[in-house]
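To keep things simple, chains are lettered A, B, C, D and E as they appear, and every chain counts its residues starting from 1.
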Amino acid sequence: MRIDIQRKSFGGSDVLGRLRLDIRRGQRIAVLGPSGVGKSTLLRIIAGLDRDFPGSVGGDERLSVVFQEPTLLPWRRALDNITIPTGCDLALASDLLKRVGLQDQLDRFPRQMSLGQQRRLSLARAFAARPDILLMDEPFASLDPDTATRMIDLTGDLLDHSGAGLILVTHEAREPVRLAARPLLLRGDPATLHEDGQTI
Amino acid sequence: GGPGRAQDQSLPEITVGALQNGTVTWELQTIMDQGLDRDNGFRLRVLPLAGNPATQIAMNGGEVDSIVSDWLWVAQNRARGADFTFLPYSTAVGGLVVPADSDIAGPDDLDGGRIGIAGGPVDKSWLILRAWYRQQSGADLADVTEQVFGAPPVIQNAAETGQVDAAVNFWHYLARMKAGGMREVIDVAQAAGDLGLDPSTPLLGYVLRDSWIEDKPELARGLARASRQAKDMLAQDDALWDRLRPIMDAANDAEFAALRAGWRAGIPPAGPVDAANAQAMFAVMAELGGEELTGGLSRLPDGVFWSGD
Amino acid sequence: MPGILSLVAMLVLWVVVARISDDPRTMPGPEAVAMRLWQITVTGELWFHAGMTLFRVLASFALAMAVGVALGLWMGRSRTADQWLNPGLVIALNVPALVIIVLAYIWIGLNEVAAILAVALNKIPVVTVMLREGTRALRPDLDDMATAFRMSRAARLRHVVMPQLAPHVAAAARAGISLIWKIVLVVEFLGRSNGVGFKIHLLFSSFDVAGVLAWALAFVAVMLAIDIVVLRPWEARLSRWRRDED
Amino acid sequence: MPGILSLVAMLVLWVVVARISDDPRTMPGPEAVAMRLWQITVTGELWFHAGMTLFRVLASFALAMAVGVALGLWMGRSRTADQWLNPGLVIALNVPALVIIVLAYIWIGLNEVAAILAVALNKIPVVTVMLREGTRALRPDLDDMATAFRMSRAARLRHVVMPQLAPHVAAAARAGISLIWKIVLVVEFLGRSNGVGFKIHLLFSSFDVAGVLAWALAFVAVMLAIDIVVLRPWEARLSRWRRDED
Amino acid sequence: MRIDIQRKSFGGSDVLGRLRLDIRRGQRIAVLGPSGVGKSTLLRIIAGLDRDFPGSVGGDERLSVVFQEPTLLPWRRALDNITIPTGCDLALASDLLKRVGLQDQLDRFPRQMSLGQQRRLSLARAFAARPDILLMDEPFASLDPDTATRMIDLTGDLLDHSGAGLILVTHEAREPVRLAARPLLLRGDPATLHEDGQTI
């Protein structure tokens, strides 16, 4: 898919400047940058949740998103929180829940889970949608190091198997390395993407 | 229904919308009980309703062939294009009553008092009372007293509990109130007489449609005859009243007797209504009632009163 | 238990007030009312009239909720729909019940359809308003989630929108069924020959306070039963996810 | 603009229907109604009666909202209060308006206090129910936050609870003021000597549909004005935080 | 303050086992442990938000909490989100907002801020309450490394100045080190606290 943003502003002040980005199945990109620079805004634009900007986002790839907050349906149990939004079958949903370490929590409502557990649930949901391109907004934050490593490896595995593309927003330098993702830096005001010090 | 009503199925039907616990039901019940409808070539069907507004809606919506209302209502609707006409049912009017122990002895004592009135500011009894009072004293009763308008039972209660000094109510409420010990200070029929109006002018009547009468003249005449026969029987036969007693809702013998007497007193004279008398009464009421009462009429339209043939 | 106790407390209060006022005509005690209730029960009158009224209440309730929820959702989600329909809504909200009822009877006829329609028309704008306010408060993050995962319209409505609206629907249902029954009373008064409203108005015009209370309480009991048997358990089921334990 | 356009569209529809039905008695056109409206405006009648009605509406509205919101909050927050008060609430909700009004007039007297109290009593349970359902849906995390920072009761109510209840209060206010005005009509019908309800019933009893519509629409216009001038801006101000821009 | 918990269970199964802990002004404790072990549950108990357990939590210290999620009043602007819950004055509130780097956002509503900015707002709020003991649940998660470091140092500074105690729940080993907090490990099922491999 092709992203071409001329700028993105909130209430008059520009947050994002000119941005162009191509991404296909199999490609992996990591977006790094300081807090408040516009990473989530960019991801929302790519996901098609924000269309209020000059520019275009094109492509017919199937996307799925791990939001910066878990964003679960509080009134549905863990298993349903996977099957309902993604429409996947029960077998896949419980397999994924097992792989993110929630095999004992299938029947819990979100507020009966710890935040880290909710995070992993939202991770499993994104995988269950079988995306062509996976968009992740700091998916491994607030997980303990062991769990985080397991989740990163799981993500890598699943991407290897499905051949899906990845856009990962993160603060941790080790995550792009472990996932073999091309690290891009979002910085400036308005923010633009940089690779190895070069604006792209 | 009485014996033999099963064979009546072939007879044409007349539907009358009536208050289930109203005084009209007494006459309608007698017509059915005594087979007067069958004798006059129709079958009476009563559509029981819970309020006067309901009967008026039913009439305007074309759901019933007849209801009972006053000729002012008929005139207003006629002026607006409805082909309603009026067949006399009763001359009963109200009066002004005060509690038994009240200091009010006559109309002169009303000054500065509170009067409860059931029919609203354009109630016919109230307007005649005002006209009469003006004739007597030169002052408007509406100016020298404070009025409280309300639903008939609310007014009855207000009078009985002393919230108002005097009350004007519909005749059957008055009958009960008087039976309960209240005292009549002014009789509206008499006041009308003093004003030179004919107290035998019926105020209430069966409302019929011109078009319906034209279609089924013999049915309309049958209804008129049956009504008259029922009145004649009820005027004389106490036994008939004993049969009606269960639906009359009288609390005791005194109330029962008062209701019976009141109803009998309201039986209008036979024969057509004298339009001139009615016109005179209308003029008196229109002067005080204004637009609200007349609905913009300056005089009664033609054809308000059905001659009966 | 506290529910029953509080009912008992109210009853005792009633007895005391009736004793003190000592005017059985305007302030009948519970015994008098209970006797009337017993009378209309054994004669079977109660079942017939209450049945007719209940039928009208349920029919117009179903109609009003269906239309009102749909309209409210639409107006809450779409600014355009809201701007176009709002004047009509405010008018519909404020046209007196009496006017709607009378016009329905005159234009449609003195029949059950007109009665039920008149009641529903009175209630629809109220449901619409309640649902519209609720819809405006929907969580945008869950909306985004549904969009991102391309949830179908139906799934979205059922799993994302409706659970958030449940408190509003519950409020609309509870306030609504009672409003409806009040309007049914007027409808029955103005143009039906049976039903609780018909009876109450008849008894009122003969100033039979005990009788009026008997009929009113009989139907209140029906509504209380509906509240306890239908609405409460439904709400409890819907709000399980708020609880701590699993 | 769409608002005005839709009003115009309704007007056109009315003209067309009136033309087609061609029965000015039961279906008067807007011209006839406008003429009546003009009449009552120039005679000054409108201002007096509409003023009286508006006074009653606002007085009972204020009373009903204050008591209803307080009760609803209490019942929504405390399980005990809810269990004790619920039967009373359901009963109050379902006692027919007529019964409350008549009893108020009988027990308190035929005066303004009885009228306003009767209306408020009819409305309080509805507000209570709406606020109770809203209170049950309060966010527990913000509650915890308030507890952790030991916020005072008043601050908590004002800054944590009320903003969450705003949509419910708005719904209750909107549905409420219209319900109130409907009950005021009945109250005026049963025992007042002025007000729009008094006039409407007077005209209705002479079956003057154009007159009834003129009065009804005059007051609907008042309500529409209140909606546009008071309620809408208030809501807009309250929901600023939902918007994207700053 | 003194915490003495016999156990804490949700719906029948024990999450926390026997726990005893003393903390006073000036003391700093860090609680580490895997996701879902019960760290947040413990913190909620200490903060007095969960009283449904056998045992006791005593002491009259003034507490303030940084929740695992920002937990802001969405309908109040940033500045009000500090002054209203804590009752502090405007000068202190804007000073703190400046120190967490939100000097440009005083007038924003929470949903107009990035998650990292909301986090910092919630941090400033906790400081504004001038606590005797500060309870923090992963306060530096989902901040970029630079910002995180600045926030950690700010926390240390403020604690040094005020002499307040600290209970910090975290996943990152470097945070207790930088804040000179005594690291305790929460682990097991039901979970108990361990120090240097010893149950305490």
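Note that in this section contacts are C-beta pairs under 8 Å (C-beta built on N, C-alpha and C of every residue); 3 or more make two chains touch, one makes a residue touch a chain.
Quantities reported herein were computed from a predicted structural model and do not represent experimental measurements.
Looking at the partners of chain C and chain E together, the chains they share are A, D.
The pair of chains sharing the greatest count of C-beta contacts is C-D.
Centre-to-centre spacing of chain D and chain E amounts to 47 Å, using the average Cα coordinate of each chain. Centroids built from CA atoms put chain E at 27 Å from chain A.
In whole angstrom, the spacing between the mean C-alpha positions of chain B and chain E is 82. With centres defined as mean CA coordinates, chain D is found 37 Å away from chain B.
Within chain E, the positions touching two or more other chains are listed as 10-11, 69, 111-112. Counting partners per residue, chain D has 26, 102, 106, 140, 201, 204, 242, 244-246 as the residues that reach two or more other chains. Contacts with at least two other chains are made by residues 53, 60, 151, 153, 157, 161 of chain B.
Those residues of chain B whose C-beta lies close enough to touch chain C in the complex are 19-21, 47-51, 53-54, 57-58, 60-63, 151-153, 156-157, 161, 249. The touching residues of chain E, when paired with chain A in their complex, are 10-11, 32-36, 38-41, 68-69, 112-117, 119-120, 138, 141-148, 171-173. Those residues of chain C that touch chain A in the complex are listed here as 141-142, 144-149, 151, 155, 159-160, 163, 238, 240-242, 244-246.
On the side of chain C, the complex with chain B involves touching residues 26, 102, 105-106, 109-110, 188-193, 197-199, 201-202, 204-207. For chain D in complex with chain C, the touching residues are 1-7, 10, 26-27, 80, 83-88, 90-91, 93-99, 102-103, 106-107, 125-126, 129-130, 132-134, 136-137, 140, 167-168, 170-171, 174-175, 178-179, 181-182, 185, 197, 200-201, 204, 209, 212-213, 216, 219-220, 223-224, 227, 239, 242.
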